[in-house]
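Below, each structure is written out as structure tokens.
First chain A sits with chain B, and in the next complex the same chain sits with chain C.
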Partner chain A sequence: MDPYEQFIQKAKKESKEMDEHSEKKTFKAIRTSKWKLILTTVIVILLIVPTCFMLTIFYYAFGTKSTTLMDITSQTQYITEPNITLEELQFDMDFSLFSMKLDFIQYKQIGKEIYPVKEYETSFLLNNLMDKKIDSKLEKTYPKYPTQTNPWLVHPKNQYEFNSANEWWILEGLPDETVVEAYISLNELTDVEQVQKLFENVDVTWATVYTGLEEKNESAEGIVSPIGYPVGRDTTNWSPFKDSVSHEQTFLEILEFLAPYEQIATDVSSHKNLALQKRIEYVKQHGFQTYAVVVTGPKAEVEKLQQNEIVRLMKLGEVKLWNWVN
Partner chain B sequence: MDLEQIFESHMNDIYRYLFSLTQHHAQTEDLLQETFIKAHITLLAKPIHDIRPWLFKVAYYSYIDSIRKQKWIVVTNEINQIDERTPEQFVVEQDSYRQLLKLLNELKDIERQAILLCDVHECTYEQVAEILTMNINTVKSHVARGRKKLRKLLLREE
Partner chain C sequence: MELGKLSKLFFSVIGGMSVLSGILALILINIAVLTGINVIMDDLYFSLMWMTFMLGIIAVFPKSSRSFGMRGLLLGIYLFVFISVTFIVGWWIYPFP
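Right, the complex of A and B next:
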């Protein structure tokens, strides 16, 4: 064995003697390394959850704002659902990971009173509507899946699926102590004020607006449904129509507000397409004319409307016991 | 075999190897811990057949990483080192092993690695080539050159 090998062997032997001193420490190192690994993994996982939650909050605070989503939802209801009103305080907003839940209640004016009619539960994943549950208390349900001819509010030139004569017949059979909600379609296009003058003993609650598409209820995108706005003074703080000088202008403003968020608005509504851009252009050019309205009043007063020449069709909505107090 | 048992059976080898590289106990412990953390993670994902040279490789890369990090921090460990050693350790480390480490310092880094793995830790040329990610012939020539230099240094010492 040459001196080099001897030297190496000696060094190796001695270095092994060193092990006794370091063994405890190395055992400790192994054990700590394991715990360090477990701890780091747990901490990383635990940190991911709050970070995601923070990102969600930031998204709804600075991205598509939660209040914007709420406005889109509520204002869409006002213009797409006939005779509907909402209450701000009834809006429940709840945030979870990357999603937001929005619950609210729809009200209807029947006679002189406001009744809760539908409970909505919507959930958004970021700004996409993922789920919509509707719990309806209505006795007469408006067609759920719109077609060209099934709406209850019908353009003078469009076809319809209900039997108006039967509806008048049913109305006649109701006791005089009831108030009703009726969907009246007109023979011609006219001003809402004109309709209000003609129907003076009942409340006109909602009026459709002719937007150039209602003869066939079709647009380039597909089937469209009637849109309109609430008529009459709205005193609810929340309502976009509160104290508005001209409800027509507010209606147009809503359409313009919704235009950039058309997809969300369409998803939230029960309509298949809103065709907002086309409708905005038409209304701006041709003004506001209505072809059908929703009225509510005592059964006898609504019955009298049949004599009115302008009335083409009637579809009976909700019926409640007498509450007509002036 | 349990992971911890595997580590325990090789830890002395790895400790000595890392100590030869750092010549500092505290730093060696840190590196050993890091080596085992990395080994834990990898072994959870896939099995390793020849574990000993693989552990050397992990240790070697942990050491390289620490060297890179240290380039940013200029600290001399000399004072700490003297303080940390017990008189017993001091005596043990004074002799041949200490001398070997001292002599190895005078070699090129790659020759030092080759000698440490090949002659001190008894790895085969193939294993060393794998650990240092090198061609086997290059390893052989580094070992030969290292041995030659060490022999010269030994003669000079005597």
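Right, the complex of A and C next:
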């Protein structure tokens, strides 16, 4: 073999080795890139949920605050649901993707004791109420779908659907060792203090406020239902009425707080419309007068209220065994 | 095996482990958020987070494992930001003791 051929063969051999080496390198590079791409894709997919969760947390911290939603919910309950109270530690809050769950328990004063009566489970998608489940332990349930004439607290000029005489009969038939909750509608508009003086042996727990719409329970937006405020001294930490000097003033402050969030408040409540702006204006102009109250006390004492001239109608609420202490 | 190759392999494994532990931590977060089971506050999450971060730092220096190291390091930082946001802002939006 002459030197030229030797040189050619050597060159061919080297070229083949280089090709093999380069092929190996290319194959390795492709394999590495493939793995990197798979890993990156997996990471990007796994990052979606945590990132959305962080955005949710930021929304409830700096957008519509979770605490604001909770205040709207709780304060709406105080002014729209007769004779109820809420407890701070019975609130439960849970966050998931773009949503918040808020669960709480409603309590009622019957006699001198507070009883849990309803469990609420609400779900918000950002700031929209998406779901509301109510588990009621009440024996007498307030009308679920409000109309102009089905509330148990009735304005003197409005019509009503229940039979008040029957309710007095039922009350009469109860044992004396019971305490009851009663929805008393009055013959005229009056001050809450006046009612408290007249009903001295029972506790007035909640009073409606006349807001100019209750004669027909109608506003421009549609059907409205009675609103009011708790009357007695409230010592629970959670209550907006805790240590309140004037419950009327606190009631007005709640209405003003809820006004910008009226849609949420309406959704949270059992009312069809709240007509907050009109009611605020009316109350500011005309002051606070009540047309119906919720009372609780011994059966015999509530029965005596029938003789009171100011009492127009009575609807019996919950009944419990004696727990009255003076 | 040559020392160079061995060191390359070592750092590649470190980088890979960093990314892998980061992915496992992300899976834990996904499970926690989607199912409501609280696994984020477990020791496992914090161990994985620190592992991702520390191994990422080690793997980021040699050129051969830099891409894995960078991924691990970034994942570690993300996991730390996530837990900080969940703790600090979460504490802010949850008004109960």
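As a convention for this text, the second predicted complex is superposed on the first by the 308 of 326 C-alpha atoms of A that agree within 3 Å, B and C clash if a C-alpha of one lies under 4 Å from a C-alpha of the other, contacts with A are read in each partner's own complex, and residues count from 1 in each chain.
We take it that a contact is a pair of C-beta atoms (placed from the backbone, for glycine too) under 8 Å apart; a residue touches a chain by one contact, two chains touch by 3 or more.
What you see is a predicted model; the values in this text were computed from it and never measured.
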Open item on the list: Just checking: does A:P3 make contact with chain B only, chain C only, both, or neither of them? Give me first, second, both or neither.
Closed with: first
Task: Partner chain in contact with A:S15 - chain B first, chain C second, else both or neither - done: first
Task: Contacts of A:Q263 with chain B and chain C, given as first, second, both or neither - done: neither
Task: Touching partner for A:Q306 - first (chain B), second (chain C), both, neither - done: neither
- [ ] Identify the partner contact of A:K65: answer first if only chain B is touched, second if only chain C is, both if each is, neither if none is.
- [x] second
- [ ] Please work out whether A:K36 is in contact with chain B alone, chain C alone, both, or neither, and reply first, second, both or neither.
- [x] both
Open item on the list: Between chain B and chain C, whom does A:L97 touch in the aligned arrangement: first, second, both, or neither?
Closed with: second
Open item on the list: So chain A touches chain B in one structure and chain C in the other; where do those two contact lists coincide?
Closed with: 36
TODO: Could you please specify the touching residues of chain B with respect to chain A in the complex?
DONE: 3-4, 7-8, 11-12, 15-16, 19, 25, 28-29, 32-34, 36-37, 40-41, 86, 88-89, 92-93, 95-97, 99-100, 119-120, 147, 150-151, 154-155, 158
Open item on the list: Please output the residues of chain A touching chain C within their complex, sorted ascending.
Closed with: 36, 39-40, 42-43, 46-47, 49-50, 53-54, 57-58, 60-61, 65-67, 70, 88-89, 91, 93-97
Open item on the list: If we count contacts the way the header does, which residues on chain A are in touch with chain B in the complex?
Closed with: 2-4, 7-8, 10-12, 14-19, 21-23, 25-27, 29-34, 36-37
- [ ] Name, in rising order, each residue of chain C that touches chain A in their complex.
- [x] 19, 22-23, 26-27, 29-30, 33-34, 36, 67, 71, 75, 78, 81-82, 85-86, 89-90, 92-96
